[in-house]
Amino acid sequence: MTKTFLNVQFPVLDDGFVRPVDVMGGDEAVVQAARVSYGAGTKKVSEDRALIRYLMRHRHTSPFEMCEIKFHLRVPMDCWRQWVRHRTASVNEYSTRYSIAVNAAQTTAPERWRRQSSDNKQGSGEFLDLVVGRELSRAETEIQTLARKTYEERLRLGVAREQARKDLPLSTYTEAYWKIDLHNLLRFLELRLHPHAQHEIRAYAQCIYDNVLCAWVPMTAEAFADYVLNAVTFSAVELQIMAAINGGRAAEAAEIYRRAGWDAPKNRERAEFEKKAAKIGLKF
Amino acid sequence: MTKTFLNVQFPVLDDGFVRPVDVMGGDEAVVQAARVSYGAGTKKVSEDRALIRYLMRHRHTSPFEMCEIKFHLRVPMDCWRQWVRHRTASVNEYSTRYSIAVNAAQTTAPERWRRQSSDNKQGSGEFLDLVVGRELSRAETEIQTLARKTYEERLRLGVAREQARKDLPLSTYTEAYWKIDLHNLLRFLELRLHPHAQHEIRAYAQCIYDNVLCAWVPMTAEAFADYVLNAVTFSAVELQIMAAINGGRAAEAAEIYRRAGWDAPKNRERAEFEKKAAKIGLKF
Amino acid sequence: MTKTFLNVQFPVLDDGFVRPVDVMGGDEAVVQAARVSYGAGTKKVSEDRALIRYLMRHRHTSPFEMCEIKFHLRVPMDCWRQWVRHRTASVNEYSTRYSIAVNAAQTTAPERWRRQSSDNKQGSGEFLDLVVGRELSRAETEIQTLARKTYEERLRLGVAREQARKDLPLSTYTEAYWKIDLHNLLRFLELRLHPHAQHEIRAYAQCIYDNVLCAWVPMTAEAFADYVLNAVTFSAVELQIMAAINGGRAAEAAEIYRRAGWDAPKNRERAEFEKKAAKIGLKF
Amino acid sequence: MTKTFLNVQFPVLDDGFVRPVDVMGGDEAVVQAARVSYGAGTKKVSEDRALIRYLMRHRHTSPFEMCEIKFHLRVPMDCWRQWVRHRTASVNEYSTRYSIAVNAAQTTAPERWRRQSSDNKQGSGEFLDLVVGRELSRAETEIQTLARKTYEERLRLGVAREQARKDLPLSTYTEAYWKIDLHNLLRFLELRLHPHAQHEIRAYAQCIYDNVLCAWVPMTAEAFADYVLNAVTFSAVELQIMAAINGGRAAEAAEIYRRAGWDAPKNRERAEFEKKAAKIGLKF
């Protein structure tokens, strides 16, 4: 296999990137690890793709740990704060105690300022008006310029780098090596490709998924899309309701609704179920 | 809260036990950790149960890490081999290098010998005939007796404990302290309560679930049952098929079947889907 | 044991704090876990203190994992960036996606600006002149004020919190629950009490050591000071040199120096050895 | 670099082996990760070997996590029980639920039976008399033969594999893929090359050190030998005593002894210090 994605610098945001620098294993290593469980005498009954799909479907995660990948990254610190919450990974970050901070901060184009989401307390909605956006971008430049000037003035006056950096904005870019196994990379992607993830880290996750995962482990990426990214889980209560509806027992369905407290106004569980039910065209 | 389960020795198998010896936190600590994300000014909109259910439903796992539990366990080594594969836990096991091995091995009653499962390569099916079982239990006693005699003879002749133990049977009981956070305990229970888990470790998982989890964190245990233990996940392909069926588009459903390779004889994905579909009374 | 340190808010830096909120276990739990290795029949030969010292001396770390502690913390984000690099811990951080950022940034008094260290590329040296410090503190107020104003203006104009925060300074305080076992807490303290650790995080580590560790697990804290914090390790080469010097074989010592490349100017290994040798009054 | 050790099956014990199957990185990847901390503008002051020694000396462990290695192993289950206690690694073990257990148990030659150590409760001493050894080996064959016969009889009668295996001896060989990063491999080797580690696992550790580590990462292996394997740590009390002795203040040294409780008979700390002092020819 030629790994054409290796050492390619994939751009993300205005000045960030993802650059895969080394890999160990691939789809075939997942299969090899899974087969050790079957022992020497086992016939190769199922072919690789079916086996990988089986592992993914039943959350047999350990064979996916047998692959490893290492990236060189350039990410705004604000985004990096979320990134390092994924603990099962190895990290060597550019040190602003040893070196002068990267002279770049993430900037926002006037048309890219996002309104507070109305239905998701932690999220963003549509873009703000361009007139407002222009003013916001102007003010962004002002604060970023002053922050850098203050930083450089501190260094000029002899302040230690570790202290001088203290008022750099969270938008400042940092760089790092990041090494993670395939199982934990999938978990990172699952969480960071989610519609509720913040735009910035989603952009990185999408870049990794599109340019790296699909090229590196195509069978795993396909199974991951089917069984994780685009799958839907129904709870015990939801399964009962669906069984009642499919069985034509509307009264029973209503009764389950009531017992679950779903008849309260603004009940969140019901709202989420109805969205999922719409997805499969369930009529009730 | 009085924790009546603390220091109770719950028996498992013929000579094993589970004894919870200490806990930190509970449902209220999960809630407290989740609320730190909302900041000081946030009104307590949703009550605790709804919040815990929300966290469980959306796999927001970190608040569940805020609770911790410690057990004293007595488990056959064969079962313990599976147990310690759960790495995110702390363990101090009884050392047979320092001390003489526990003088007890797991025994099997004549009516408890399990036949190899016909449809699950790693599992067991129904019980063997009692006549055969009697012979098996007799032979079990013989091998266990000889193994212990050999062990004790080695010790008598001055062999080091660490070497003398080498031919003890896997059925020998061991003891340990085992400490784990609630999130990882749930993961342990999810995997070890699964119908495909081996009978022996399922017995321990069931004991912990029934006697400890439900008493310690009742809201979490309920949410876990609804959203994990008794939930069902449908893949991207399965959702498409369900949408086609529910929409009365049988031909489209058949076409998706075909494209997914489900018309092959003994296709495993189809067989699993049909089981799930039956559960919700989907007719097609 | 009354745990008088629980729920006490210990101040750190200008506006931070450490507040222990819950513990599981203590010195006695370390001992209990260590003893399980000795089995039921073992006499209590050594008393607890000696056992804990033995465990610490020989890096038998697993019994220390049997204790757990949970803190509520308030820390500047710059410092928190270092803190979360300790991966074997559980964290729930205040979310500035959900809530408005804490309205406080770490400020520096005019007499507390630190000069870049001359002999340690990552560290700080003595304080800068007060006249310069006054100017630096004035500029600090300016950048922090503008950053907050910009943040609040963004919120006022409807920008999503997750985006509005992007140019907050690293000095902004954050809050979190942090839960860790005793073994990993010791490792945190070892690294963060080190003279090369940054001043800010050292202040937190010192506060935890003084006010929490010594009160919670006094025997462990004492052994940790003797065998880790204040211990010195000599390498294979250094041991050979010491043996030669103590044996009066100066020529041999010089020869080992030479072979190790220590006669090169500015050899770092030699410089470090000489500092350690001075500590034990080794004359050569 | 040609990695001549890859895919070589290095024999260990009577029927075990270590076979490295894949690696990521090497000494150069450690250096590369360490340098990211220095930033683009940093001159390459120190050459690679000195940098790796510096990292090892000061326990800067994260750059060593940037390398990864995967082994195929064959190990007696008794030894494997110790092996899997190293949690920061990925494992896929041969499953005796799916397949028939490996038909091989670790055997002991008549001259290799080890006496219980007199000074180390968990260890072994010299070998037992050959006459006794012959009898022990004969009995070993007997128990292993009966255990295998019982196992096969169970399978013949239709007992499920997962239950049939329950009385196999701990000496039965198992196989696994084992993947670990270099930092954690060093920690494994440090603990398992220790004189107090059990003979069997030491044999594996020595094999990995000799045949794999030194060939894969020669600079790291050398630094590891100097600063970890063959280094000695002196505690705070020991340093004080050494300073007093080197300063010719014998009375002070005696006083420190007394205060530390070292004048008690059979004091373990004193005994350990005297061994270390002898190593550097300290006279007192």
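Think of it as A, B, C and D in the order they're written, each chain with its own count starting at 1.
The working rule: a residue touches a chain if its C-beta (ideal position, glycine included) is under 8 Å from a C-beta of that chain, and two chains touch if they have at least 3 such contacts.
Computed from a predicted model, the values in this text were never measured in an experiment.
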Do the two copies subunit C and subunit D share over half of their interface residue numbers, or under half; same or different? same
Cα centroid separation, subunit A vs subunit C, in Å, comes to 31
Report the inter-centroid distance (CA atoms only) between subunit A and subunit B in whole Å. 29
Provide the list of subunit B residues touching at least two other chains, using ranges where the numbers run on. 91, 95, 98
So what shape is it, when you link every pair of chains that touch: line, ring, star, complete or other? complete
For subunit B, which residues count as touching subunit D in their complex? 76-78, 81, 84-85, 87-88, 91, 95, 97-98, 105-106, 108, 113-117, 121-125, 128, 132, 135-136, 139-140, 142-144, 146-147, 150, 153-154, 157-163, 165-171, 198-199
Going by the contact rule at the top, pick out the subunit B residues touching subunit C in the complex. 22-25, 29, 32-34, 36-42, 62-63, 65-66, 68, 70, 90-95, 98-100, 175-177, 179, 181
For subunit C, which residues are in contact with subunit D within the complex? 46, 50, 53-54, 57, 225-227, 229-237, 239, 242-243, 246-247, 268-269, 272, 279-283
